[in-house]
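For reference, the structure is listed below as structure tokens.
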Amino acid sequence: MTSEALYAAVALALFGLGWAGLLLKAAPLRKLIALNVMSLGALMLLVAFAWRPDAPPDPVPHALAITGIVVAVAATALGLVLIRRVRADRDR
Amino acid sequence: MVSPDAALAALFVLPLTGALAAFAAPRAAAALAIGVSWANAALVGGLYGMVGARIALGGHAAPLGVALRLDGLAWPFLALAGALFAFAASATAGRALLAKPGAAALWLTLLAGLNALFVSADAFNLYITLEVVSLAAVALTALGGPAAGAPALRYLFVSLGGSIFYLAGVAFFYRATGALDIGLIGAAGLSGPALAAPLALTTLGLLLKAGAAPFHFWLPPAHAAAAPAASALLSGVVVKAALYVLIRLWTDAAPPEALDAAAPVFRVLGLAALGVGALGAFRATRLKALIAFSTVAQIGYAPLALGFAAGSPLAVQALVAFMAAHGLAKGAIFLAADGLRRANGHDALDSLADPGSRLGPTKGAIGLGVVALMGLPPSGGFLAKWTLAEAATAQGHWWMAPLLAGAAVLTGVYMLRLVSALVRAPACADGDAPRGWSALALAVAAVALGFSGPMLSALMLAEAAP
Amino acid sequence: MAAAFLGGFIALACLALFAAVLVAPAAPGLEAAVAAALPETGVTNPVTGVLLDFRGYDTLLEVAVIALAVIGAAALAPRETPPAPLAGPVATAAAAVLAPAIVLFSGYLLWTGGARPGGAFQAGALLAGGLVLLEITGSRPWWRRGLSGRLGAAAGTAAFLIAGLGVMAATGRFLDYPGPDWGYAVILAIEAVAAVSVAVALSALFAAEPGDGRPGEGAP
Amino acid sequence: MTDALLLIAAPVMPLLAAALAMAAPRRLSMLGLAVAAAPALVAGLTAGGAEAELPGFLFGAQLRLEPDLAPALAAIALVWGAAALHGRAEIADGPDSRRYKACFGISMAGQFATLLARDMASFYAGFAALSFAAYGLVAHKGTVEAMRAGRVYAVFVVMGELALFTAFVLIAAAQAGLAPPVETGVSAPALVWWLLLAGFGVKAGLVPLHVWLPLAHPVAPVPASAALSGATLKAGLVGLLVFAPPALAAPPHYGEALIWLGFIGAFGAALLGVAQRDPKVVLAYSSVSQMGLALALLGAAAHGLAEPAPARAAVLLFVVHHALAKAALFLGVSSGAPRMVTLVGLGVAALSLTGAPLTLGYAAKAAAGAAAPVLGPVLSVAAFGTAALMARALWLVVRQAPARTSRIKATAFGALVLGLASAPLMLAASVVPSTATAAAAALAPALAALALGFGLSLLRVRWPAPPPGDLVVLADPIGAALERSSRFTGSTADAPRSAAALQDEAPPDEGALWRETGVAMAVVLLAVALAALGAATR
């Protein structure tokens, strides 16, 4: 098994875990965390696909992964604020 | 003469700058949003002469850099967004929304994201623009009030989930082709698992984001709960962003054989949407829920048309006409619904009444909007329906003609629930209800799209040219 | 029942995707193209070259996404009483010791990004950590509040836009840096502003208060 | 050049007038509608053979006034113009009048477009505008009967449009172009002919699609009835002439079916009509009867019993004749002219319909008989039915209280009667019977009907009136069920439900929604992936 396959297996496992969590977990916070796990899986897939045998990795997927992480952070932050907002509106 | 580089860059530089300014200076924000929306509309109008342009951002050509291209498919969507943002911003409902803290900056960010999305030629860049659009749209939805929070949250989850599927698909595309440019991905001529994995992932993600049946469960609550002007944008153009990327992928990145093979799937999805949306609209009790379910039904035309698009530019042309007509008409109806609701003081569908003669433009907007949604001639909807029926019949699927006509009948029947309000005994009108000129302008545009046939054909030809 | 079906299906789908990885051959990536074009950029770290030059447009939009999140958070954050600061001696002392070290190290990360792993986001994220540390100990710096806070969060996108338009005056193309020397300078400038801006934005997202900066005043 | 402008102005002017009517509610705008019929009238009288195009409209609109269609256009324009003028006195100003005027203008524009359009898209646009806007005319009064008639009308119209849209798309696909079959000479598949028959049959009052007609005509305002019966019915006939032309080979049984349905209409409607007690219902059944004859003529041509060219000419002459005569009769119900003048005018129109010598009706009947000799006896017998209907209608008009005099209404009525009376002057040769027996035969129905009517009134015979709309009563249980579900009708009686009441619809089970979405994801993912895999192995 190449390093790419190993990394891809882990990435897809994360992706699947997050996917299941998104569908099956009820609490909004858990859904958001599941989404984070899922997005980590997708980003790790990029990292896995950057692997090259006997050569330095392809820098483009790495750059994409960094961009993806930042986008995921921003989305998560907005999600957290929204969860707080919903909670506050409900408690009022 | 402005260079294409400058003009295309202006598509996102202008609204993004406006958004930052609106954020930094909240007092001028609303005026900025209206001004920039109109400036953007003018810019898009000017870009019509540049259709066919393709630029390499930063001077780096495709495999390495990100390309923008303004072709015959992109321009109508840009124009739709431009018109909707301009008229919705000027409408009373739009000014009410823009007066809320942060709304103006979100409004302009959404515009920037949509513009960037429609001209992007790069699969990963499309991911980022999709995220800009989704996040801004979710935030705008949540501004609809206390009842909007939960629907907005559900919208966010579905939308983020969809983005992640899309991103995973892009990763697979890159692995199989070493390219991110959609044209280059298509040129690689993928097949087998190397094609199936990314195509299935991206398609699933985009269908989720578009709210296409059977993934529509988030859409009606979100579009019904948002502020009226936001609903106009969400239904009018935001859901189309994901559909647009879907069209791009299947017509440019996937080989024609794949689209041919997947055509039955898309036809089933489209028909399911038409049915499910109509059913929801029949059962809706609130005005905005009816309109939102009608969106579920109407966006079914996109997968349906995609189901006939293999090797048929006619079907793609029909698809564009559908999306443009629906966007304008739906924007008009959401804005007009605001006037109707305020004149009545409530929005319970079965007891709405005539908002009085002062709201003539509102009533006209609803009437013309329904004509366009039903696809009666000479609206853009008719152009689309006829073109699609012709394309389908040419491929031997003559049953599409009665089916499309039947869908129009369904639309007419559930929209009658809205129209019949206009002939009931007049309501005691709220003197402040907006008259609805912006809504009327959009509705007139939706009907006048019937005159755009030659322009659409010309645009599609421009796309075919190298 | 449905849950079991879904779990099973998801597992199968992921296995199928994994099989696709094993079966389908990988195409050569863009490493050769990046290596060939890297000298024009003025940086030697290929990831930074991709991020800030070849796909600088992506990065511009990505900074805009952060600004968007700040805008959205400010618009949506509920009015709630903020939690009491951690004012104990340990926390205060830790902040006092760690904050300068964090600033220094994030500066290093920023600088080294041109040649080795590192760069604006890494530096900005670290800096944000420092700001959060200050935040929870109750000593929020003045430039995180009000207009300057908003300007700070918007500065990264603004710097990118200004740089993009600035080089356009020279080359006629948006974000097209003129030559390696200038390119390096422009990239470094963008990165510096972006790092600080990202830090301000992330810490603003951490606090997530209503846009007018008046938390805890009850219903709007 | 001016001719081309006239052709474009014909449908555009009524639309502008409709827009004006929305803006200006005063009676002036109704006058505008009357004036808006002028370009079509002038075009019909002077511009036969003219062509024009509107490149931007739909797929590029081509307009052409076929020389043999020109008289029909003129007659129909006269009908619309007279109806608009009459409406100026008949329709009270009010919030509703704007809607009426808008619908009137759009219908008028649509009808002119159907007569001029040379491409299917424009024809369909005109036809749909005519059909849908006419709903506003049928249901204008808003009474229970009007709403019912409107609903029945809407159901038929929608079904008709469905059939037509399908047929047009199939024609376009069969011949790869938008020109109608009458020009391309390409005969469409059999299915298309039947679809066209259904679609146009609704408009033309073909049995059993006629049931909306006797319901709609009496409840609509008088001028609207005149336009509906005089003008809009003809859109169906013209549509069949253009899209299912006699010159092309019809599918098997098409001609026979059309002949028999036409006969059933011609005689059945006469039987049902004479028993009615409302002059407008009688007139409506008379329209069904007359249209039945015209349709039977088309059927004869399709079946090879008549030459295509004379059949087309005869149908078009019938269009001119029936448009003017029936519109005059409807306006005569509330003519506004002095009583004697009204009766003379009605008499002229009625005589013309029965085909008396020296009238346009005689020429029309003679042309039909010449085109399809086999129909000759039928036409003679049918004339007795028509005469009976006319006698009944006139009797009912005489008995009702005279309408208030109105110079405007009288002008409108007079214009139609004059048009009807003067048209024969242009065809002098064909309105004069060649032999004395022919003259006697032509006059016989009218005399017989007069005698019969006189006798019956002496005997004071009364018989039960069948319900107007005959067959539609079969569908009434369905309509009642629909009405009970107030969802579709709604009522202002319900107080607006409170926000709280609306909120307590059971909140959806969030978890179930997500699980269902998960299952849908599985299905879609699998389907797309399999499709993509399958495409590769092909």
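Every chain is named by a letter (A, B, C and D) in the order it is written, and numbering of its residues begins at 1.
Convention: a residue touches a chain if its C-beta (ideal position, glycine included) is under 8 Å from a C-beta of that chain, and two chains touch if they have at least 3 such contacts.
Keep in mind it's a predicted model, so treat the numbers as computed, not measured.
Novice: Looking at A-B and A-C, which pair shares more C-beta contacts?
Specialist: It is A-C, judged by the count of C-beta pairs in contact.
Novice: Taking each chain's centre as the mean of its CA atoms, how far is chain A from chain B in angstrom?
Specialist: 27
Novice: List the centre-to-centre spacing of chain A and chain C in whole Å, with centres computed as mean CA coordinates.
Specialist: Centre-to-centre distance between chain A and chain C: 16 Å.
Novice: For chain B and chain D, what's the span in angstrom between their mean Cα positions?
Specialist: Centre-to-centre distance between chain B and chain D: 39 Å.
Novice: Which integer distance in Å separates the CA centroid of chain C from that of chain D?
Specialist: So the centroids are 69 Å from each other.
Novice: By the touch rule stated above, which residues of chain B touch at least two different other chains?
Specialist: Expected reply: 124, 128, 131, 135, 138-139, 142, 168, 172, 174-175, 192-193, 196-197, 201.
Novice: Chain D: which residues touch two or more other chains?
Specialist: 510, 515, 517-518, 521, 525, 529
Novice: Could you pull out the residues of chain A that touch at least 2 other chains?
Specialist: Residues 15, 19, 22-24, 49, 60-61, 64, 67, 71, 74-75, 78, 82, 85, 89, 92.
Novice: What pattern do the touching chains form: line, ring, star, complete or other?
Specialist: Per interface graph, the chains form a complete graph.
Novice: Which positions of chain D touch chain C when the two form their complex?
Specialist: Where chain D meets chain C, its residues are 515, 518-519, 522, 525, 529.
Novice: Which positions of chain A touch chain D when the two form their complex?
Specialist: On the chain A side, the touching residues are 22-24, 26.
Novice: Taking the complex as given, what residues does chain A use to touch chain B?
Specialist: On the chain A side, the touching residues are 15, 18-19, 22, 28, 31-32, 35, 38-39, 41-43, 45-46, 49, 60-61, 64, 67-68, 71, 74-75, 78-79, 82-83, 85-86, 89-90, 92.
Novice: Under the definition above, what is the set of chain B residues touching chain A in their complex?
Specialist: So the residues of chain B touching chain A come out as 124, 127-128, 131, 134-135, 138-139, 142, 146, 149-150, 152-153, 156-157, 160-161, 163-164, 167-168, 171-172, 174-175, 180.
Novice: Would you tell me which residues of chain D are touching chain A in their complex?
Specialist: 510-511, 514-515, 517-518, 521
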